[in-house]
Amino acid sequence: MNILGLWNYWIVIALMMIGLYILIARENLVKKVMGLNIFQVSVIMFWVSIAKVRGGTAPIVPEGGGDVLYSNPLPHVLMLTAIVVGVATTGLGLALIVRIYEAYGSIEEDQIREMDRAEE
Amino acid sequence: MNPEEAIGLSVMLPLLGALGIALVGRYPNLREAVTLVTAGAVFATVLNLVPSVMAGARPGLEVFQVLPGLTLAFEVEPLGMLYALVASGLWIPTALYSIGYCRGHDEENQTRFFACFALAIFAALGIAFARNLFTLFLFYEVLTLSTYPLVTHYGNDEARRAGRTYLGILLTTSVLFLLLAIIWTWHLTGTLEFSPGGILAGRVDGPLVAILLGLYAFGTGKAALMPFHRWLPAAMVAPTPVSALLHAVAIVKAGVFTVLKVIVYVFGIDFLSETGGSVWLMYVASFTMIAASVIALTKDNLKARLAYSTIGQLAYIVLGGALATMDGVFGSGMHIAMHAMGKITLFFCAGAIFVATHKKNVSEMDGLGRTMPFTLSAFFLGSISIIGLPPTGGAWSKWYLALGAAEGHHAFFIAVLMVSSLLSIGYLMPIVGRAFFLPSPEKEQAQPGGRAGFWAGIQEAPLLCVFPPCLTAVGCVLLFFYAPAILELLQTMSLER
Amino acid sequence: MIEHLPALQTVLPLLAAPVCVLLRRAALVRVFAALVTWSCLAIAFSLLQEVLRNGAVSYELGGWAPPLGIEYRIDVLNAYVLVLVATMASVVIAFPLAGRELRIPKERFFLFYALFLLCLAGLLGITITGDLFNIFVFLEISSLSAYALIGLGRDRRALTAAFSYLAMGTVGGAFILIGIGLVYQMTGTLNIVDLGQRLPPVLGTRTVWMAFAFLVVGTSIKLAAFPLHQWLPNAYTYAPSVVSAFLSATATKVAYYVLVRLLFTVFGFAFVFERVQLTALLLPLSLIAMVVGSLAAIYQTDIKRLLAYSSIAQIGYMTLGLSLANLDGLTGGLVHLFNHGLIKGGLFLVVACALSRVESPRIESLRGMGKRMPWTMAAFVVGGLGLIGIPGTVGFVSKWYLVLGALDKGLYFVAFMILASSLLAVIYVWRVVEVMYFSDEEQAVERHDAPLSMLLPTWVLIGATIYFGFDTELTAGVAEKAAAYLLGGAS
């Protein structure tokens, strides 16, 4: 179990950091939603990767019965739900952005902030 | 009426009165009638309780359990009985006076004024009859909040500032110190019930006693111990009846009553005198007494002078408690009544002078004794009582306070009491002297169609403003003769466990 | 029927939401949504009764036995939270919607009710379920509908507020998901009770520490615990007042419940407070929240923002109670959960009442309203007294327990700070009171109070803050039972 042996975690961490960075550093709201997506994907990857059992196959009982080494199916199922949640979040986020564009005429956060300040 | 019903009734009546006042607010005569009837009924109900308390009974009434062990409950004991008598008794002349004053001045928001006044009495009676610290604290805060609209009655910037000081100091001290002390007490003892001989003995020791006492004494901002006294002069912007309520009827008396009650029933005087936890409080009280009197000497505004006089007089009561001797406590208890009667007279007079002549400052009162002889005579009697000379009630309470100091071997504080009395002569007597012996700066005008003899030149305030101070001035004298009865009531108090 | 109550608790509002969309007619939908919400309240109360009488209720969803199947498990703690959520929802749903506060026209009000019911379903689901992943799913259901509800605010800044809440909330949700994944990795179970038993042998591992960190931070974002509170002020300020009332009284409270559940049932007292020493982190942060939140509230010019910052301070009280981790402290935290829900819900409804007559939620625009809207403004005063913690209001009960908890631990400074920060509350409440009751202009004002249909729900909540200040059987009584149950043999 050396550091590189846990490469799936490295991928997850890298993806997560990319997502978070985009979310924080970008002013464009659509890009922020993208960042959020990448962030969520990293979590989903993490769950799916921990379900893998080395040498395991799909959890289907072979014809005629008998034991089979299979990967844990539960995380996959859970992640279906998580993906749905992610899609819903993205949808809602984009819908809000459409509204924001209608209201402000911009989807750049710094410009919006500027407009809010001017209003006050 | 059995005593339990009397307790419930005397607390609830002012509340109902407040509701009634609010309901019939549109009809001034009816509204005032409600106030007076309620005041009379409350006093009668409270009086009804006296015989059984004198006989040693401690009627109680448990209303509600709020938290396990924490109840909203009432119990009448001698100190509370006395305070309830003062608050409800003085409500009657104050109500009469308020009617005269408000009508004389065409005050706005009179309904709010009378309703809040009744609420304040409700809270005062709740404090008086509280069986435990929780109930006391609850009504203490109700009293603070119900008097806020009275203090800010005029609704202008000055009133708003005064209201801020008033609420700021009273809430800050009560929430920060008093509540902390109460919860701490509960934490230490598991009870908040007032019980003879105290509940803290054996639970705390060392400097903690003094700290806890400090939290209680300063937490009771209404007792106006320096440095938390600023609210009292600030509240002077309110109409004079409110000042009477603050200084005599309910508010400051609620403060010193709380301090006294805590000393007697939470700490226990034996415990305090053994540990010496209250010695520092004697010095603070003495300082307040002298400092407030000296400040009073410098004030030209009559009401401000009286306000500082109150601060000094309250310190007598705190001192009496802090002495932790039996006579000290008796003296303090009596002083609650004596000072109330004296100070209410003085404030009524100040208000009457203001209504009649619009004069606020002592320096303008030369020769006023000739135009307002009744008011100024009443003022004279009130002053005598505050100073503590016979034949007024004030003499007794001072006597017992001095006795208490002697009993505790605190000769120093006897001296302080004497100096303070001298100072009070210094700030009160010149007013009377000016009024009666100096010539009026204004030329005497012959009354058109003038009255002859004694009545010539008399221009008193309206009857409802003059009658109450005369009544309470007579009260001051009567208290001199009834003091033994008060003492007898107080002596039924059980101070030992 | 009776044994299926736990399932109905969430399924009822969940299924009712699409029905709202089908019904469409605003008046009809309103009545329907109200009926659904009130039946949820009835269910919550009967569950609480049941739990108090017979102990914890376990319900196997779909008949699959736990720990494999999803279990709904109701003990004193979540029955109590269910009652809070359902109560607040029942009052808020009765409050008439004000067109001037919403960006949708009257003919589309049904969308509001659909979202409201979804949010309610999510909040009730989080509370009732005994499965960690299920908590995540319901958390997202409630959060997504909350973002949309906030976005309904008239002011265009509501949209940006909703968006930044969405960004932060999603990150919080993802953190929770990671934490769940890590504990699942170590134990192979998602059932909360089961986790509580399987975690102890592996508590020392770094994975569990990581899981702990992710879960605590994730829920703290949803809870708006200081310093993860940035989404809250804007969200509450620009959301329609009714929504602010509902969310402030329920959403953060449910997140608090999740945090309590995680700390005490999943990770256990010994791990959280003895090994990790969470108190050392949570206690100072709570104190800062109390002071900074109140100070910020003092300087606000917008009444809704003032209440929002006050909420941050009040959440500080709750987490403070949690960090004390003794019976009185935890009781204080839990009872404040209920009490603050009542107060803040009531106060936001007061704002909603005021906004029916006043143009803007700026404090200045309330000048002299004490005479024009006596009932509304009186409600504000009473609610404000509750925030301050005057005896006879619910705030006092909370503070009583919190101070006792602090004294119990010998933390005199903390006890002092709790009381000192309630003085800051005096300042921000009284600033508004002065504006309302002292007006300079001497014109004769006409009485023009909010309609009775608005005043009634408002006064139900405000009245409750007084009522529960005296009768603490339902609040402090149950909270104390829950706290004792959580602490178990730990202390």
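Think of it as A, B and C in the order they're written, each chain with its own count starting at 1.
FYI, contacts are C-beta pairs under 8 Å (C-beta built on N, C-alpha and C of every residue); 3 or more make two chains touch, one makes a residue touch a chain.
Fair warning: this is a prediction, and the values are worked out from it, not measured in the lab.
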Going by the touch rule set out above, what shape does the chain contact graph take here: line, ring, star, complete or other?
line
Can you tell me which chain is nearest the middle of the complex, judged by mean CA position?
C
Here the gap between chain B and chain C, centre to centre from mean Cα coordinates and rounded to Å, is 45
Cα centroid separation between chain A and chain C, in whole Å?
28
Just curious, how far off is chain B from chain A if you go by their C-alpha centres, in Å?
70
Residues on chain B engaged by chain C in the complex (per definition of touch):
64, 66-67, 72, 134, 137-138, 141-142, 145, 152, 155-156, 159-160, 163-164, 167-168, 171-172, 175-176, 179-180, 183-184, 186-187
Complex contact set, residues of chain C against chain B:
385, 388-392, 397, 399-400, 403-404, 407-408, 415-416, 419-420, 422-423, 426, 430, 434, 437-439, 469-472, 476
Under the stated contact criterion, what part of chain C meets chain A in this complex?
133, 136-137, 140, 144, 147-148, 151, 156-157, 159-160, 162-163, 166-167, 170-171, 173-174, 177-178, 181, 184-185
Chain A - residues contacting chain C, complex
20, 23, 29, 32, 36, 39-40, 43, 46-47, 50, 75, 78, 81-82, 85, 88-89, 92-93, 96-97, 99-100, 103-104, 109, 112, 116
